[in-house]
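When the chains are written out, they are named A, B, C and D in that same order, and each has its own residue count from 1.
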Amino acid sequence: MPVKSMRDALNETLHAEMARDEKIIILGEDVAGGAGGTGVEEAAGGIFGVSAGLYTKFGKERVIDTPISESAIIGAAAGAALAGYRPIAELMFADFIGVSMDQLYNQIAKFRYMFGGKTRCPVVVRMPTGAGMNMGAQHSQTIYPIVTSVPGLKVVIPSNPADAKGLMTTALRDDDPVVFFEHKALYPRKGEVPDGEYMIPFGEAALVREGEDATVVAIARMVTFAEKALDGLEANGITCDLIDPRTTSPLDLDTILESLEGTGRLVIVDESPPRCSIASDIAGMVASEGFDLLKAPIQMVTAPHTPVPFAKDLERAYVPSPDDISAAIRKVVAY
Amino acid sequence: MPVKSMRDALNETLHAEMARDEKIIILGEDVAGGAGGTGVEEAAGGIFGVSAGLYTKFGKERVIDTPISESAIIGAAAGAALAGYRPIAELMFADFIGVSMDQLYNQIAKFRYMFGGKTRCPVVVRMPTGAGMNMGAQHSQTIYPIVTSVPGLKVVIPSNPADAKGLMTTALRDDDPVVFFEHKALYPRKGEVPDGEYMIPFGEAALVREGEDATVVAIARMVTFAEKALDGLEANGITCDLIDPRTTSPLDLDTILESLEGTGRLVIVDESPPRCSIASDIAGMVASEGFDLLKAPIQMVTAPHTPVPFAKDLERAYVPSPDDISAAIRKVVAY
Amino acid sequence: MALDKTRLLEAYRVMKTIREFEERLHVEIATGAIPGFTHLYSGQEAVAAGVCMHLSDDDYIVSTHRGHGHCIAKGCDVIGMMKEIYGRADGLCKGKGGSMHIADFDKGMLGANAIVGGGPPIATGAAIATKLDGNGKVSASFGGDGSSNQGTVFEAMNLAVVLKLPTLFVYEDNGYGEHTGTSYAVGSDDIAGRCEGFGMTAKKVDGGDFFAVYEAAGELFDQLRAGDGPAALECTITRFYGHYEGDPQRYRAKDEVANFRESKDCLKNFRQRVTGEGLLDDSDLDAIDAEVAELIDRAVEEAKAAPAAPISELETDVYISY
Amino acid sequence: MALDKTRLLEAYRVMKTIREFEERLHVEIATGAIPGFTHLYSGQEAVAAGVCMHLSDDDYIVSTHRGHGHCIAKGCDVIGMMKEIYGRADGLCKGKGGSMHIADFDKGMLGANAIVGGGPPIATGAAIATKLDGNGKVSASFGGDGSSNQGTVFEAMNLAVVLKLPTLFVYEDNGYGEHTGTSYAVGSDDIAGRCEGFGMTAKKVDGGDFFAVYEAAGELFDQLRAGDGPAALECTITRFYGHYEGDPQRYRAKDEVANFRESKDCLKNFRQRVTGEGLLDDSDLDAIDAEVAELIDRAVEEAKAAPAAPISELETDVYISY
């Protein structure tokens, strides 16, 4: 299989799906870039380059640059979806949900239910997310715990290029609204990506590694950190199941519980601050539905209850590290 | 002690505190009501009457009616706070956080941290919340799990008139931003309220009832439902500790853990949908920090993973009921 | 754009149906039979009718918390609406939505909306769709004077101008947003003028005059259909009842509504004009009155008799698949 | 409002300090020594200076992601700023904020803001405070052409008009919001005109001309201080660098910036005018140039040498008490 970056895997998927289905349109700030400028027409292709080439290929009718008006962006996507399209709306950074949340939270998520099942709203909202690039408190947040809490939305968070392709393809064919988180620090991450059509169903976790001593659940960039931690521990004879849920709504709790049948010990790694996080969410569900399987206290490895700091060392200390993960694994194993 | 409704307890507290501290101002839609109309000047005093009489007493400089512009309301409160005031901002319904979240999430919550501890932002944002009045999907949500997840905010959710007074007084003297949730269905709830100055510290749960067989943690209206459930169970010889956290950030986990030392069994009741809720949040923390105390799987009694329905029976089925709570208690006790 | 007799009768029927629907709700709500929060459209009928008379089922509208009138004018089934408001299983939205969330996608009615300012971005998006479809269809959002101050609405207007979208922003200035007067809350005191500042055509008309609304809307829709970008229509009007049913209306002078009912009642004005000009006879209109009264009687009866939304449906309709 | 020699020197010093600060950052960032995202203000100095020259430490401003210029013009310590940008323990915000979150409350600088449109509601609130204080103080928010399309900004403008608040909305139209041109994203193509539609006075000036900005701002602040409500000032200008450092600027014609640097450089223009009119000598300005260069040298040196923000402080400063 060819090796590609996550950015390229996503970009190629957008190209392929937009070619396949002419009802797919994309809108957001600088998804093309260059409108009203003195230079080239497609100057950006998204601030992270994920939508590069779409404008040139599919034209300005389907690749729509917008003003800096996130409520209008997501709202317009909602309206176009109700009127038969499959819009992709991009928030340049997930943090900008602050200025646009109503359209996601009170509108898109609730249409189908409020209207008695009589409509569908197949919007994909893309949100670059996460810390690690010294972008400060308003450009580094995870947001997915908030979105996961909202009934009516599906939530996708890939950790590698192949999953990004498979999940994005599924998202773009799904009839429900999907919020698709792309961890900024993973865009350059490379990996093998299947050629041709490739779909990964929502609600199916990936068992990234198999082991015996504990179950580690990790999301997005934390999967790569957990792998680093496990590399170190395996040298010391500690092996773990490593589970990447890939979608947090729906969440594949079964795979976690099955793994716990073997290990009895759970570590959950989430880059979010601890309160009402995915870590505590999964921990809570396991304490309820997998209590008998547990042989040790659940360990949650999360960011602290603080905003994301700017300075390099501070941000590095803020984000859970492979060492933090190793320590948590050692703790449950030693219990 | 005099018996008052929660609405009156809150209203009197606002009156007392605004009289005490002239830096307190209040702004929001119809907090006075009547501006630009042909009738009386103070026509509303808040849609639920909580700010009644403030306009007449303190004047339009301190009791400020605003356009329907929630971002500007919360943002203006933020700015006035940075400039030395103690604004109370009212969202007419908590659901309207959708159109105003940035100012709370990315601004107020983060100022102190982003600016290196060099400022304070003592805003109190009041948010009528909760289901039970057939107001439909966009006027009935809990919101507090989302707000609890945000570092930098404090979150208060009283369940009775005395607590409402004690916590509001504390909120209005606190130097950090506080989000104060008022359950709409509790406004008419009556109870004894201490006269004079009365403050309840944040982060101290109330032990509403004592018992032996299980620990029940409930929030806001769910406290009253849990009491109903316990009334029934006590007749059958089952007694429980009933804990009302009163503030979810900070959260008094210690009181919950202490109770579990005696009971070993935990039921958490939250009117929110289940994912990333306060229920799963507390369950997760207990599974991590109180694992050894647990003798049974934690039971979470929550709303389903759906928007809030409109029709009477549907909404009644949506909100956790005293019967649901009893069933969960019986389950942990029988385990 | 002169209206023939059939169309005039249609206009009257729409307005009368809305009025009767709301007047009956006013009575029924007082009995406590109807759950929740209801906002009546009585008095504003000419706006919904005058705008929607220009639209087909393939054109889209988005409405507000005060949405019954827009729904009826756009062709929603009146009995299904009444059942929805009563929370019935076969209400238009299975009882899950309620008064503030009525939608009918077959009629191009994309939903009432209980978030003030929630609708205009959605109507703007629907216009992206019709523009892409290239079928000459348009969208319209309704909003109040109060909604005109919401950031989402401003954003939608600018986006619509930038993309030259065929969407009409209708503002019904009924003098109040809840308890707060327009003259206080709209800083410029001129909604249409503010819209013009966004780079679109805007007109202001007497919303109590069906013909004024109809003509202005027609001209603006022509502009939209010609591809000349969005427009705004401000309609000055009053609501006959409180903000919601139960509102004590202390912000209103005692005789304010009475005066309006006298001078600005769109039904009275319409009848006067069409009979005065010899376009219709009183008897034509009386016949419609009778039919409408009967329809609303039936709607209330059926709604009362219909089965409640069943609890078994509590968790359906959240997702298509999950 | 003629400026005496001292004030003219002050204006020049402010602009020159900003320019030098940014030009040096441009060089330092290329070395990789500075973490994160940095947006330079080079080219826009006359706006910050022309506005802030009217303000004292008790007046408030709120700024943007492109905030260094506003901070310097409002009197923030330049060395503390540089340290903050390097993420140092004794940076103005202890290294927790960074380039996009510099604040200095003693100077009335309520914070840069990395959310486009985040600032104007805050400045509006600060004006509620100064109005209540009754001390004649004012606030100002800075924002770009792009920010002028954000709903929060429209809401703030309307609220300021409704409450007649002493706050100035400054729009720096530098032609682009990131990669998108103003002429595309602002539907009306006229920010000041759109502001006027909100019911406030608005002026549009050449942002490359310090005197034009200074005079217009002065008149508007007079209006604010007289209690006549808010105002807007649109300054047409260009930025000399990319949106952020590293931006390949493909949306710009090759010679666009070169032309602007030639014709619209506020420092050149200022020097030409004041020496031409005999108000200052070249030597006065050269002396400032030298002092500023030395200050910035020192700032970079000290910032490089300063200790990093310590990890022990990761969890402090979230709350005052918790």
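Assume contacts are C-beta pairs under 8 Å (C-beta built on N, C-alpha and C of every residue); 3 or more make two chains touch, one makes a residue touch a chain.
On a predicted model such as this, the values are computed, not experimentally measured, just so you know.
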Practice prompt. State the smallest step count from chain C to chain D, taking one step as a move to a touching chain.
Written response: 1
Worksheet entry | If a chain touches chain B and chain C alike, it appears here | A, D
Discussion item. Taking the mean of the C-alpha atoms as each chain's centre, how many Å separate chain A from chain C?
Written reply: 40
Worksheet item: How big is the gap, in whole Å, between where the Cα atoms of chain A centre and where those of chain B centre?
Response: 30
Worksheet entry | chain A and chain D, separation of their C-alpha mean positions in angstrom | 35
Worksheet item: Which residues belonging to chain C are in contact with no fewer than two other chains?
Response: 91, 95-97, 101, 113, 115, 118, 149-152, 155, 158-159, 162, 184-187, 318
Discussion item. Quick check: what residues of chain B touch more than one other chain, meaning two or more?
Written reply: 66-67, 69, 71-72, 95-96, 98-99, 102-103, 106, 113-114, 136-138, 151-152, 304-307, 309-310
Discussion item. Thinking of each chain as a vertex joined to the chains it touches, would you call that graph a line, ring, star, complete, or other?
Written reply: complete
Worksheet, complete the sentence: Seen from chain C, its contact residues with chain B in the complex are 35-37, 87-88, 91, 95-101, 113-118, 146-147, 149-152, 175-187, 249-253, 256, 308-311, 313-315, 318
Fill in: Complex interface listing, chain A residues touching chain B
71, 95-99, 101-106, 109-110, 113-114, 136-138, 145-146, 148-152, 249, 251, 272-273, 275-289, 291-292, 294, 296-300, 304-307, 309-310
Item to complete: Please name which positions on chain A make contact with chain D in the complex.
Response: 29-30, 33-40, 43-44, 47, 65-72, 95-96, 98-99, 133-139, 304-307, 309-314, 317-318
Discussion item. Can you tell me which positions in chain D touch chain C when the two form their complex?
Written reply: 149-155, 157-162, 184-190, 193-200
Worksheet item: Okay, in this complex, where on chain B does chain D touch?
Response: 25, 27, 61-62, 64, 66-67, 69, 71-85, 87, 102-103, 106-107, 111-120, 151-152, 154, 174-176, 203, 250
